[in-house]
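Got a structure for you, questions after.
Labels A, B and C are assigned to the chains in the order they are written; within every chain, residues are numbered from 1.
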Amino acid sequence: MSDTGRGWGFVAPALLWTVGLFVVPFAVMAAMSLARLEGRDLVWGVDWGNYAQLAKPQIARAVLVSLEITLTVTAVSVLLAYPLAAIIAFRVPPRWQRLALLLAVLPFWTSYVVRSYSWLLVLSKQGVVNQALLGLGLVAEPLTLANTRFATVTGFVHFFTMLLTLTIYANLMQLPRNYARAAQDLGANGWQTFRHVILPLTLPGVVTGAFLTFVLCIGDYVTPQILGGNNELSLPQVIMVQLGRRADFPLASALSIVLMGLVMLAYLLCARWLRLDRV
Amino acid sequence: MTAPVTLDRVAHSFGPHRALGDIRLEIAAGEYVVLLGPSGCGKTTLLSILGGFVRPDQGRVLIGGRDVTAVPPARRPTTTVFQDYALFPHMTLRDNVGFGLRMAGVARARRHEAADRQLALVGLEGAGGKRPHELSGGQRQRVALARALAVEPEVLLLDEPLGALDLKLRRSMQDELKAIQRRVGTTFVHVTHDQEEAMAIADRIVVMNAGRIEDQGPPDRVYRRPASLFAAGFMGEMNRIPARRGPAGVETPLGPLPVAVPGDAARLTLCLRPEALRDGSGAWDLGPARVGDLAFFGTHFRAHLIPERAPDLRLVAHLPPDRAPDSVLRLAVDPAELSIFPEEVP
Amino acid sequence: MTRLLAWLYLLLAYGFILLPVGALVLFSFQDGRLPVPPFQGVSLRWYADVLGDRDLMAALLNSALVASGSSAVACALGFLAAYGLARHVLPGAALLRAILVLPLAVSTLIVGLGLLIVASRLGVGLSLWTAGMGHVVINLPLCFAILYASMGDQQRNAERAARDLGASEGQVIRLVTVPMLRPALVAAFFLSVTLSWDEFIVSFLLTRFDVTLPVEIWSMLRSGLSPRLNAIGSLVFLVSIAVVAAVELVLRPGRRP
């Protein structure tokens, strides 16, 4: 057999798996997004009606809610994670850094569903926070913290702060120590060293991490469902509603394509922005 | 600008490892000093202490008479050319070279002008808009030099600045470094493990080993008359002849030598550079020797010699290149070219 | 001053990060009906309750099976593809690599939905098998990317040396490539196991009667806060930590020459 032939032999199983169980289902889903539901019957065709539903207030609102939550979470997580990563990288003595980092990402290894549930323990009416506030006499009545957007954002920020701390820490450690030394040597103070040297050099890593946050956050169903409740629905929640109640696969498919479109948009924005940075 | 430097009984340890012990060193203003030694000898630690990146456990550092031991790098009159150059990859060459002036609050137009002037000084005119990754290794080295000189430091510190360059480029950059130092007049302290590089550029070589200064002086003196066995070996190829103290000087397998040896060690090592061995007559006659392997090096013939008086001993000699040596030579040495040390206890 | 602020920040950050897990584990020992303050004393009854629950233990076993099975398949397929693309010249190699990592760019909800639609069109019943196949789709790109990135020139030269000494391609893979890639294979496998162990949405969409642990926990959530959930959550956490620790232990000695 030729070299190329043998090569194909090695690649074929993975390729068939990906094409058969990802590319083809995705194409079917895309076609489904243009189909229509009449009663319980599916009518294939090219019908943009599902996408037109974006104009409905309930669905437009879900897109908006998802975007608002995701952008807030991304911004807050970056702002929390950067100082944390920098303190671990630059202030914690080297031999304690591994431990410090491990502690900072320990809950990363709790199960996804369990992590959201454990925030309920903290935020519910009888939860840790309310009991503490009541105990200290800071509030007279328990606050409504769970089943709000605040709870969803908190749960997300918790997870993505850990993720971003890991990536930003790795970025900071990869930075040759001599860059900061050179800046100080030439008269820069701590803030100037950060502003002119460390921040610009870690920015590509930060943007990559922020993009990852955006992608994972906007597509997540579990956290808003457990912590946000049903007061306002995010896009993934609306998609799941279509699957459950009405089995409206065409609309669910169309909304999934919209979800993917939002991710693509974010990617294009990041890519453009990154390239600008390099010029 | 330029200033003298004084290291006063400086000592430093990293955990249990003693990196430097009781270093005393005076460097004159405008002098080009090379710290030479094998890796781990403490030369880079010493440079870091001069630059303010490491604060010594003991001792004082004075620059221009001022005690700077506790002064951070940003406020020291020193700048460093780093081994990996540490050029900021996200800035143009102009912004790299102008960085120190920017930190000092110099206006953009003036610092760009100064940066372009510095780039011209190191032979990179018109390259101010480029970025570090567009340059060759040698060019990056020049930019690092320009960046460090742009703030007009009193002392310039160079950490193995030529280490990343290939041999040919290194030799030509040596000459250029020396020329630039002459032009700007700044005190240069340069760290290397390459003794040829040290001899090519230094006004004074400081040989270091295991956290101590073994020898210091002008290159020719340190080469010809090293102060220690270690310095002798590190400065270049050396014939070592075992010897012992005798009634009238030194006894060697090649005959007695009437010289006085200070100290009281009984067993000695006699050191002889390959070029000190000559064919003919001299003050000390080593007797006849057979020529073994022979190789031509352009500037000399390198010969392995087997002396008849001590056939177990092998000597290396550099002989004049004008004609191939005979198969048997009569060896002679000028005692002034000999160094004698107590035998090294392994 | 900045030093003090830095330590204060570190303390607050740790508080924020560890608070929910702390509450989870602490109140799994609650001697009472609600996993909220005040803490009423240490009891192991919720653990006993959880370990005696047939459905939960079945789900736990299902999760372990799906995680290890799908990870093994993803690793094997990923390894073969990485080897083929790194060691053979294929037309359109860049496109092939792009297709293989494509599922990474899409949220798992979409992967699950696509498979659900196809399964219902084809009339394939939902089971642990369909969920496992979905997990392979998610984990294959990661395994491929990790293994492809570790097939460096050092390995290539060792493989050439083996070929030079008369080994067949199969022998080269078995005797040189796989042993040299062992750390990357172990890392890819266990990363895949931890992701699959925690995966919810694909399992949720693609299982019906036999479910994985996260799906079982999800259905328990409907009855609200309960120390049982704390106990099973703490156990799941423990398993994840054990897997991560195992990877550390397996990879550490692997660094010996």
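Just so it is clear, a contact is a pair of C-beta atoms (placed from the backbone, for glycine too) under 8 Å apart; a residue touches a chain by one contact, two chains touch by 3 or more.
Just so it is clear, the model here is predicted, and its values are computed rather than measured.
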Top chain pair, ranked by how many C-beta pairs fall in contact: A-C
Most distant chain from chain A, judged by the mean position of its C-alpha atoms: B
Mean-CA-position distance for chain C and chain A (Å): 18
Whole-Å gap separating chain B and chain C, where each centre is the average of the chain's CA atoms: 56
Chain B-facing residues of chain A, complex: 176, 178-179, 181-189, 192, 196-197, 200-201, 277
Parts of chain A lying in touch with chain C, wherever the complex brings them together: 3-4, 6-11, 13-15, 17-19, 21-26, 28-29, 32, 80, 83-84, 87-88, 91-92, 100, 103-107, 109-115, 117-122, 124, 126-128, 131-132, 158, 161-162, 190, 215-216, 218-222, 226, 236, 239, 243, 249, 252-253, 256, 259-260, 263, 267
Interfacial residue positions of chain C with respect to chain A in the complex: 2-3, 6-7, 9-10, 13-14, 16-21, 23-24, 27, 34-38, 77-78, 80-81, 83-85, 87-91, 96, 99-100, 102-103, 105-111, 113-118, 120-121, 133-134, 136-137, 140-141, 144, 169, 194, 197-201, 205, 213-214, 217-218, 221, 225, 229-230, 232-233, 236-237, 240-241, 244
Interface residues, chain B side, partner chain A - complex: 51-53, 72-75, 78-80, 82-84, 86, 88-90, 99-100, 102-104, 147-148, 151
